[in-house]
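Dropping the structures in below, format is structure tokens.
Paired with subunit B in one complex and with subunit C in the other, subunit A is shared by the two complexes that follow.
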Partner chain A sequence: MLDTAPAVRKPPGRKNPGRARSLRRPRFGPYLLIAPTVVVIAVLMFWPMIQIGIMSFQKVGNRQLRGEPAESVGTENFRTILNDPFFWQTLRQTVLFAVVAVTLTLVIGTLIGLLLNKLGKRMSSFVAGGVMVAWATPPVTAAIIFSWLFGSTGGLVNWSLDLLPDFLVGGGWNDYNWFATPLSTYTVLTVCVVWQACPFVAVSVLAGLKSVPSELYEAARVDGSGPWRTFWSITYPILKPIFFVLLVMSIIWDFKVFTQLFVMSGMANRDAFNLSLYAYSEAFGSLNPKLGMGSAIALVFTMILLVVTALYVRVMVRQGETR
Partner chain B sequence: MKYIRIAAATAAIALAATACGGGDDDKDKSGSGKDPAQLKVWMMGDGTPEQTKFLDTVETEFKQKHPNTDVQIKYVPWPQVATTFQKAAAGGEGPDVTELGNTDVQSHVEQGSLADISDNFSGWADGKTLNKTALENDQSGGKTYAVPWYGGVRGIWYRTDWFQELGIQPPKTWADLTAAAKKVQDSKKVPGIGAPSDQTNALVSFIWGNGGEVATKDGGKWAGKLDQPQAVEAVNYYTGLVTKEKVAPEQYIGKNELEGPQRDFALGKLGMYIDGSWALKEMKKVSAKDEGKWGVFPIPSKTGGNAPVMAGGSDLAVWKDSKAKSVAFDYITVLNTAKNAKAWADYSGFSSMRSDVKFSDPKLEIFTQIASNTKFTPISAGWGEFEQAKKVLPNALKAIMQGKAADGELKKANEQANTLLNS
Partner chain C sequence: MKPSGSAGARPGGAGDGARRRRIRKSVLNGTGLLVFFFSVFPVFWMASTAFKPNNEIFSTTPKPLPSHPTLEHFDLVMNGGIAEVSFWTYFRNSAVLAIATVVVSSLLALLAATAVARFRFRFRTTFMVMLLVVQMVPLEALVIPLFLDLKRLDLLNTLPGLMIVYVGFATPFAIWMLRGFVAAVPRELEEAAAIDGAGPIRTFFKVMLPLVAPGLVATSIFSFITAWNEFIFAFTFLDDQDKYTLPIMLQFFHGRSGNAWGPIMAASTLLTIPVIAFFLLVQRRMVSGLTAGAVKG
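Coming up: the complex of A and B.
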């Protein structure tokens, strides 16, 4: 993604001749090349999205799925959702989780990236291999493993905490139920999600670091700069575009976490729901699906994400231009 | 220009974001033409080699009547039941014959996905042996849409050796039950009883055993009864096992009986827990070491005697889109002959819904006695929403077990029952 950035930049001293020409004589070649992709995306992505848009104004259940025409309910679905205090609770939980998880992912991922850059060749591949395993693990598998680790019978975490001296961590860990309250559920969820997400950050940061000329670091060392200063004065400014991309992607990913929470605490713990689970429980939760309601929640959710991304993309584009 | 780029980038990122979510919609159109040479049968659950073997013998027998029809079995795991039926409705890729959870039958009838089999049913001699209460649940507006196949009732599993050693009689009242749990907990250093919050089918026995109800139908409309004193007292007793008496561990809050209690009981780490006859087979898979010491007693009512139990189980129905409805019904009759019903009951641990079939294993005999006193959760299409999607009672119970007042939580749950059961 980054390698293409310099190519987009305007060649110095010329006043956009390409743009002027293309205004006069439109070229179809590029559009032809991109057409297959656009068609595939349109069929697989835009059409379902449009459907969701339509369905969010309708009442859609199994009868409608069987072919009966869906009844339009206007904005009722949206009014129901926005007036439901439960929606705001799930939204709050979604946002709080995203803030914590994104921060931790970026910090830990960057640290791992820096570590990988510092390590020797052998050790670096060893550590990289280790973090790749976390990345390659499918979310369902990871969620099951974590719910076992934090389980109450035979769970490794409870067992270890119980072995530790009581004055350190308190007693009674053997029976501790991690999935009983939202706070502890989200603690486990955060650990699981961050564990899976930071390898991507680490590898991206590492790739960026490899492209930073080593003379800069040498100069900094000569000037007596410590690692903290070096990071903020050299590494961070140079890798800023990478961090922006990672930030936006992490926000999107962590906003829509579903699998792990679904596996860990499931439908019986509504107090720990996030927005995705709320949408799922409305849409597919029972044999009487309410796909209209589910679509409405999904649409609201998408809108929120679009606003967030638009803000960041705006900042990103501006930065790219002033550089 | 700038804004176009912003918009494009935003859209691209939003796409990348949604790309990971979709794409499990594998509708395969090739089999949509209903071939009478093939009968699609959906069975719920994961399917085991033994079950497949049993169904193979059923097919052989079925083929004596319909030599040209191949039976195709598809196993639908229970957690995927709702979404699989939604896909079947949307894609027209339904079965000919399907097993259904009995609490789901009314939802299916309501949605118009089951065929009316009243005529076939009245011509089926064995139909008269079927449990009447269970059959009622399969009827709507005077028509029959499904037939009961097997059922399961719950009892309290306990350790016979521990009860004997400590001189405990199988409890007959709630007070006995608490005392027994306490005794086991004190001397065996394991939690006395499992009381998970997500086990409505067990909870209702306590409500019914105290003369309460979840909801009753008055003049065509469901009225919630969860705020009545009998129900509140029952819920207070059940949650009190965790909060007041502390004979049930907190680790099962937010869980169901399969997410802990069953395994812990099988491992000898729990004194008692509530489950059905089918649990025996599952527990043997966990650990068969103490198998000989497992026993069952009926869930007691408050003041003595067996509490009514939820008659869970499965029914068989013909899918409305089936092109070969009478052949499909023939399959049901073969599947449920006395001989096959017995073979199935002995393998699965579920009681047959035929009055003339009994278990062979003496350990399960008690369930036949328990099954003489059954009741049903509200027969309403809204029950699915109430119990599966919103999980109203499990979440209320969880809140109460974590310190909320039962009156307030049940009042809220009751309001939900009033709306959802009538929608």
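Coming up: the complex of A and C.
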């Protein structure tokens, strides 16, 4: 049932070393096969990463865009950033958003996954299909749809909130502007991002659950274990590796969310910036582009994510994923 | 179906158990429908708005479905009127870009996946770790240096320049996904072909390729969606309106005429439908590619 890569089903290679060796195997074969990919990744990923590192110690602006050499400014970019309260506000918003969005995504996604596992076969694939629609929606469209749902003229959310009794939600929702303050903007952003990210968690958890031997659950039931205890003593330990991967990926995705925030609140609304929007606006947002500053900010958030990535890679290697 | 139907085993009589099971089942199904509703609703609302005449869109009592469905918004979007350039130009840009990305990245991925799944070589693990790391790199950070690089190469504001960047993004994941498919092809088949005197290239085309085809389709659709949905690079690199892709057109139009929700939703619908269709085709493979082997049954 578990689709998780046919590669897992049988331990790759090794089984018949003698036979494998008898295959015709050009010595440089594998290197030739991976060479184009290595070149592409080196040029498009690793070299730019290095450039970010270099540029964050430089002043790169309009004069450099016209072809003049970059001026080295030492650590000035970093000193400017770290002494700017705006940077810390942005960082705080980025981290808070990631914490809230990741938590909600994992909890709701897991609950949906558990539900899908309990539903009958047809109902389960019906609901899963619906959940997929949220995942498939392009980020730009998702952001625009939620801007419309939370819009102040004709928006469905304000209309519904206005219908609810005033003692519950307060009155005057009709022309409430969700994009006026950072907090309300991030509320809409959270709803939008969680809506899109839950399906991935749900489907992964479902795939994992299918691999849990049902005898375990039967044994737990016989022992009189309730659903809460069964989850924590059987499901969670078995799915722990999956949860870890999901956690890391969600952190990375939510930490650098750009498109949705950009579409919803735009470049003009500085108060609602997160780190990636801040870096982007320093680099491209004005007629006086500061690509060096932008790189320095990008470097800071890449470094934060690098720590998370390192953890991820370590666990994946331990699990034998890269064998 | 594992843990459901537990009530019957407990003391309390068979009839009681059956009733409880029934209630339990309807509660589960009801929750399922609720989840379905909330997942689909925003997309449904997008499509529904796209077919509503303006007075219904801004009505003080919104209805779920248009009472007088209209194609005026689609007409406006497709036959000019929202931008200086025809909608089909954007559509073509997006499609060409996505297809070119698919072709190039699938080719690269197929080669590399074969290497990884079929050979043990010295830097194999290094390569695999690199694939993992690269998938975690925040692309939003790379937009600054890549902008300068493409500018130096005179590839800014061109579709090929953008395509090169997309290939870089799509390939690592495509390899990760495809290697499972390649590994699943039994070695014996290749050996048999070799014994019959087929060279490695012939074996590849006659044995490997047909068997890996489903996997190739899955990864292709994934690469297609990556390119089709991409926003930040296209937004930064493309200057001329007639080079814009659909997401950029949509954002541009949304920014310029903020409250024209009818046409905006019609354009969103046109952008979204192909992706959702493709996605539903390929989603199972996608999950397995992403979480591959996180659980070993």
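The criterion applied here is as follows: the second predicted complex is superposed on the first by the 271 of 323 C-alpha atoms of A that agree within 3 Å, B and C clash if a C-alpha of one lies under 4 Å from a C-alpha of the other, contacts with A are read in each partner's own complex, and residues count from 1 in each chain.
Keep this in mind: a contact is a pair of C-beta atoms (placed from the backbone, for glycine too) under 8 Å apart; a residue touches a chain by one contact, two chains touch by 3 or more.
Values in this document were obtained by computation on a predicted structure and should not be read as measured data.
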### Task
Check whether A:F179 is in contact with subunit B, with subunit C, with both or with neither, and answer first, second, both or neither.
first
### Message
Quick check on the superposed pair: does A:V313 touch subunit B, subunit C, both, or neither? Answer first, second, both or neither.
### Response
both
### Message
Per the contact definition in the header, classify A:G129: touching subunit B only (first), subunit C only (second), both, or neither.
### Response
second
### Task
Kindly classify A:I41 by the partners it touches after superposition: subunit B alone (first), subunit C alone (second), both, or neither?
both
### Query
A:G285 contacts which: subunit B (first), subunit C (second), both, neither?
first
### Task
Considering only the touch criterion stated at the top, classify A:P30 as touching first (subunit B), second (subunit C), both, or neither.
second
### Task
Have a look at where A:P199 lands relative to subunit B and subunit C in the superposition and call it first, second, both or neither.
second
### Query
Is A:S250 contacted by the first partner subunit B, the second partner subunit C, both or neither?
neither
### Task
On the superposed three-chain arrangement, identify whether subunit B or subunit C touches more subunit A residues.
C
### Query
Which of the two partners, first being subunit B and second being subunit C, lies in contact with A:S265: first, second, both, or neither?
first
### Task
State which residues of subunit A lie in both footprints, the one left by subunit B and the one left by subunit C.
41, 44-45, 48-49, 65, 151, 153, 248-249, 252, 256, 258, 284, 302, 305, 309, 313, 316-317, 321
#### Entry: Touching residues (chain side subunit A, partner subunit B) in the complex
41, 44-45, 48-49, 61-63, 65-66, 151-153, 175-177, 179-181, 248-249, 252-253, 256, 258, 265, 267-271, 281-282, 284-290, 302, 305-306, 309-310, 313-314, 316-317, 321
### Task
Report the residues of subunit A in contact with subunit C in the complex, numbered from low to high.
2-9, 12-13, 19-20, 23-26, 29-31, 33-34, 36-38, 40-41, 43-45, 47-49, 51-52, 55, 60, 65, 112, 115-121, 123-124, 126-127, 129-142, 144-149, 151, 153-154, 156, 159, 195, 199-200, 203-204, 207-208, 211-212, 214, 217-218, 221-222, 230, 238-239, 241-242, 244-246, 248-249, 252, 255-256, 258-259, 262-263, 266, 276, 279-280, 283-284, 291, 294-295, 298-299, 301-302, 305, 308-309, 312-313, 316-317, 319-323
### Touch list for subunit B against partner subunit A, complex
2, 5-6, 9-10, 13-23, 81-83, 85-86, 89-90, 104, 107-108, 110-113, 191, 197-198, 249-256, 260, 263-264, 267, 269, 381-382, 384-385, 387-391, 394-395, 398-399, 402
### Summary
Listed in rising order, the residues of subunit C that touch subunit A in the complex are 1-4, 6, 9, 25, 28-29, 31-33, 35-40, 42-43, 45-46, 49, 57-60, 62, 108-109, 111-112, 114-121, 124-125, 127-130, 132-134, 136-149, 151, 164-165, 167-169, 171-172, 175, 179-181, 183-184, 187, 190-191, 194, 200, 225, 228-229, 231-232, 236, 247, 250-251, 254-255, 259, 261, 264-265, 268, 271-272, 275-276, 278-280, 283-285, 287-297
